[in-house]
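Once you've had a glance at the structure underneath, I'll fire off some questions.
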Amino acid sequence: MGRLIDLCKQKLGGAVISAHEQHGDETVVIHKDAMLTALRWLRDDEATKFDFMMDLTAVDYFGTRPREERFEVVYHLFSLSHNHRLRVKMPVAESDPAVESAVTVWRAADWFEREVWDMYGIVFKGHPNMKRILLYEEFEGHPLRKDYNIRKRQPLIGPEN
Amino acid sequence: MFDYTYLPSPNLLPSLVEMMLKIIFICTMNMAVFAPVLGWVERKQSALMQDRIGANRAEIFGFTVFGLLHVATDALKLLFKEDFIPRGADRPLHYLAPFIAVVPALVAFAVIPFGGKYMLWGHEANLVIADLNVGMLYIFAVASLSTYGAVIGGWASNNSWSLLGGLRVGAQMLSYEVAMGLTLVGVFMVYGSLQLTTIGMAQENFFHWGIFLQPLGFILFITCALAENKRTPFDIPEAESELIAGYFTEYSGLKFAMFWMSEFLEMVTISAVLVALFFGGWQIPFISHQGLIDAMGHLFGPNFGAIVAMLIHVVVFWVKVISWIVILMLIRWSLPRFRFDQVMRLGWKIVLPLALANIVVTGFILLAVR
Amino acid sequence: MAANYKKVNRGVKLTLWERLYVMEVVRGVTITARHFFRNWVSTFRSYVSGNPAERGIMTIYYPEEKPVVPEAYRGRPMLVRAMDGKEKCVACGLCEVACPAKCISIVGAMRPDGTRYPETYTLDGAVCIFCGLCEEACPEEAIVMTHNYEGLVEYDRRLMLYDKEALLVPEDKLKGRLDYIRRRMYNKCNY
Amino acid sequence: MGVTVEEKNLEAALGDSVILTQVDKVIGWGRKYSFFLYPFITACCGMEFMSAAASRYDLDRFGAALPRFSPRQADLLFVVGTISHKQAPILNKVYNQMAEPKWVFAFGACVCSGGMYNNYATVQGIDTILPVDVYVPGCPPRPEIVIDGLVKLQELVANERSSKWPRGKAQYEPRVKR
Amino acid sequence: MEDKNQLDLNTELMVLNMGPSHPATHGTVRFFLKLDGEKIVHMETEIGYLHRGFEKHCENGTWTQAFPYTDRLNYCSAPQNNVAYALAVEKLLGVTDKIPARAVYIRTIMCELARMADHYTNLAAGTLELGALTAFIYFVEARELTWDIIESVCGARLTSNYIRVGGLASDLPEGFAGHVKSVFAKNRVFWSEFDKLLTHNRIFLDRMRDTGAISREDAISFAFTGPCLRAAGVEYDVRKASPYLAYREVDFDIPVGTTGDNFDRYLVRMEEINQSMRIVEQCLSLLPSGPININDASVRNPSKEDGHTYMESMIFHFKNTIEGIQVPKGESYVPTEGTNGELGFYLVSQGGGKPWKCRVRPPCFALTQAMGHMCTGSYLADIIPTFDMINLIGGECDR
């Protein structure tokens, strides 16, 4: 197991649901209620110091996982001073697709969170401006969910096809 | 203050004919030759500067004339283009604005001499439409009128981009109008006249050309002139990437063409003023005005000699003007544009103080020389 | 051998001349004017001599002069007609599957001699993205990306739906491309 | 595309007057060599458009070099790059703002047909919104193909009847105003 | 004092909607501006005008079919996207070390050529919108020459679709090194011309210097990467921080700025063009001969010769094409240095021939986010250089 995973397990204790290392990428899965404190700790602690939030996205495991953990919000963190990376994930239930917003931790999270809301319909609580970003307000549904058909057009603004 | 010598003298007819000829000459030169040909020149020149060939395919019966016909096609197309007036626009002013923009550029030519004075069959031909003794003041007065075209156009269009463009024009013109007046004071001091023919005659000696007597004044004037012309690097009122098309965003068809043409005509006027003030007008270096007339007189007899000399002078003048137009175009295509506040800063903080300093220095030198 | 970080020289110290804009104008204009006069002279010379190679400008007079496309160029996809006049295509449908834009549709049929051939082969030219994945997928070298890029423009989108007859090209006209893909793309020594 | 029934009727009513056709020809000649473009650039094809307008291919040779970013002054709407449903009302608006006569140039596969983007977000060809004059396929098209398209458009314009104009608004009215 | 005057004059803020079909916004962004005269008081950015469902398409196609879609992310530097995606898939497959050396070097060359082309495009657009039309054309000419090389290798000028999982689509053409050499000689002349036309030009300097500046800390918290981050003085380049491809083997400088303003970004880009040429030249001298594709039929389609000879190869060919490459269950994230910054692909595979999730980390998404931060308080005209220098590419930002 990687050094970062050990550190996380040590520090976050019960919040860490699981952790694994694959192809050299260290990954921790964290409970979504402990997310904000965990992220803040990851950013501020001298040993981790993840000052970059490189990427934020979500994955829809529709049909392959139980509905309580259908979605997974994924953070890719990077530390400039230590030059290491960590992937932080948290499962989100289909019935309650909401997590805490990380805008207060990294400003970069702002648009990335809006995009996840737009594409997957996961709400980020505490986000200052939770609107659609890539699609238009009139769009119904969230296209990157696996149950959204790729051809399902919504001629609300544009023409029929 | 005015002297009325330019008014018709007792022998009315020759003067009238002369006047009409001169007006026709200038108008054809500008409207029929320069405005369209400049469009072509600019297109071709910019193309060659940019390693391409430019418009060359419009043809009539297989003749392409190096792309010159593209000018005709442009004109034809614009003529048959829908004339659009936006909703909420002030219709009369929207109509009026392009005319206000074009006319001053043409009218300013009235006082610019394109040749000297020649005796033809006992009639003195003065190659300037109106030999005003306050010629330069007249040019300033008229040139500042063209601002209104742009400002009114910007305002009347009922479009925020146009309005911003109009505002920018207003501010920019105002700033540079002041500086432009002052930059030329040095020239007037040196030649002791505001009359462009007098200034032209005073530049008979090559080393008395304005560029040598007033180098700083020349640089400052060309800066102001470029700014007045609203072309890159001073094209912020119509900056494409900022204001789409600036004050004429909402103009289409012929009215748009008129704004366009006014730009070219202004360029001709500016070049003509530049030549008249700093590059010896119609004078040929090292050949005096009277000397040429006399030499030609020996060859062709007094009257025809004068005509030949006159033609040579007119050609020399236009050649100078054209070379300046080419240089102005080179500048226009080479430089990036300023930011609005930088234009203002340049006008008020650099050009204006330098112009004042130029006046003072010129004054001291003149005192010392005398 | 390593990468190093290096500060860029941003402290461009402007001399008084440069601060006064004048020198800048002069320098900028010199560069552009050099291009201008050089191109003017060379264009004029080529105009007189009629030799396009003398033109200093970069422009290709396209409809009259054709540029040389590199060997690798992927132009319009075409079907290969074998020397015996039959389609090479065996209607296996790999290109249909491989096409990311889904612009190919094939209906296969059987010849009396038992070989398969495409009864219809439709390629929507308005959808095709010239990616070359069909060429790569084809096991028979029956569809290739030709060097042809002309004649693709239409007034109507429906005319861009090419059928089999419009797509078939005799094999000998596609020699270059077929040779290229065998040599450069699918050669054994590339693996 | 082609001539609609009403146009045919109108032409029949006017008759093939020699003067009218001659005038049309002259105007067509003027328009043909003087396209002011409105580059509606959104995506990848814009890069090829840059190339086509720059020195190697030089659209200026055909008199189509002057980009006017004000739709009032433009004649030729170059729709360059994918049009998404979010973008569609804006394209529609730009088209309606253009002064007659106006032509539309569909540049690239996405504009012609939606190309490879057959999905929830993309308009499947702008001819569902506007009348299109010339379709130029390719993803993105080589500048040569663009020039082909321009030449083809010139042919079209040169033979146009004045009865074709005005063309009026786009056929599609977006349900949501932007 | 100033505020009091404004109260007296009863001024109001001018609300302006800039874009998306505004010439400066590249057709894909909309700015809502509140202007006080020419000063920006508030700025809001709206993107998404070029959203065309990249991820959804990737999830609906095979692993190979995603390549054309990656081309159209950052369309100015398509080979880089191809490479980044291929690296991520290879990481999932666990074949990263088995890629032949020649393929690795060719990939590096293509990445750097693409970087050059992208920087040329970006600087061209920047100068165009600042009004220097001739400089714009020279940049495009230089890019055209660079594209000639790319075209001779990939077969397309822009959307290269050149890299494959486990190798390359085709080998380099004959006479490649000579072609590169002649083009670079011309490009260097062009480079010095840009430098003379722009770098010392006071007008250009005034437009670029101290406009759109962002501090080191802000840049990091906005997750800036690439030239914009380095312009702010942060020494971070994926090519050095976590070298991939052949970047360990070559010698190059990474330009770093100090203040993070537009001028620094411009200088960093100009220098990177030079360094890219250096890298390409070194790679060409180090270029080994040998195969360009992995010899593993389950990853890369077998050669046509094999396909015609062995039944097994033909079966693999069919299976790879119809079902897609079989990628084991797992997830991977590979950061690469794209032209705009860190270009990372996050792939999730649930086993099978199609990606379960194909996420790209778009560098200019993060950059565009900071537009409001960088432009508030400056002039309307400052939006133009700032927006140009962050180099928004619609395909990448909106996907």
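Order as written gives the chain letters A, B, C, D and E; numbering starts at 1 within each chain.
Everything that follows uses one rule, which is that contacts are C-beta pairs under 8 Å (C-beta built on N, C-alpha and C of every residue); 3 or more make two chains touch, one makes a residue touch a chain.
The structure presented is a predicted model; accordingly, all values stated were derived computationally and were not measured.
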Given chain B and chain C, the chains that contact each of them: D, E
Contact distance in steps, from chain A to chain C: 2
Farthest chain relative to chain E (centres taken as mean CA coordinates): B
Chain of greatest Cα-centre distance to chain C: B
Middle chain, criterion being Cα centroid separation: E
Chain centre separation (chain C, chain D; CA means) in Å: 24
Distance between chain centroids, defined by C-alpha means - chain B, chain E (Å): 47
Chain centre separation in whole Å, for chain E relative to chain C (CA means): 22
Chain E: positions in contact with at least two other chains: 22-23, 48, 51, 53, 56-57, 68-69, 134, 137, 141, 144, 159, 197, 201, 203
Two or more partner chains touched - positions in chain A: 135-136, 143, 148, 150
Set of chain D residues in contact with two or more other chains: 54-56, 58, 61, 67, 69, 84, 86-87, 116, 118-121, 139, 142
Chain-chain contacts as defined at top: A-D, A-E, B-C, B-D, B-E, C-D, C-E, D-E
Partner chain B, residues of chain D touching it in the complex: 26-27, 29-34, 54-56, 58, 60-63, 65, 67-70, 72-73, 75, 99-101, 166
Sites on chain D touched by chain A in the complex: 83-89, 118-121, 123-124, 128-129, 172, 174-176, 178
Touch list for chain A against partner chain D, complex: 135-136, 138, 143, 148-161
Residues of chain B defined as touching chain C within the complex: 45, 48-53, 219, 223, 327, 330-331, 333-335, 346
Chain C to chain D touching residues, read off their complex: 57-63, 66-67, 100-102, 124-131, 149-157, 160
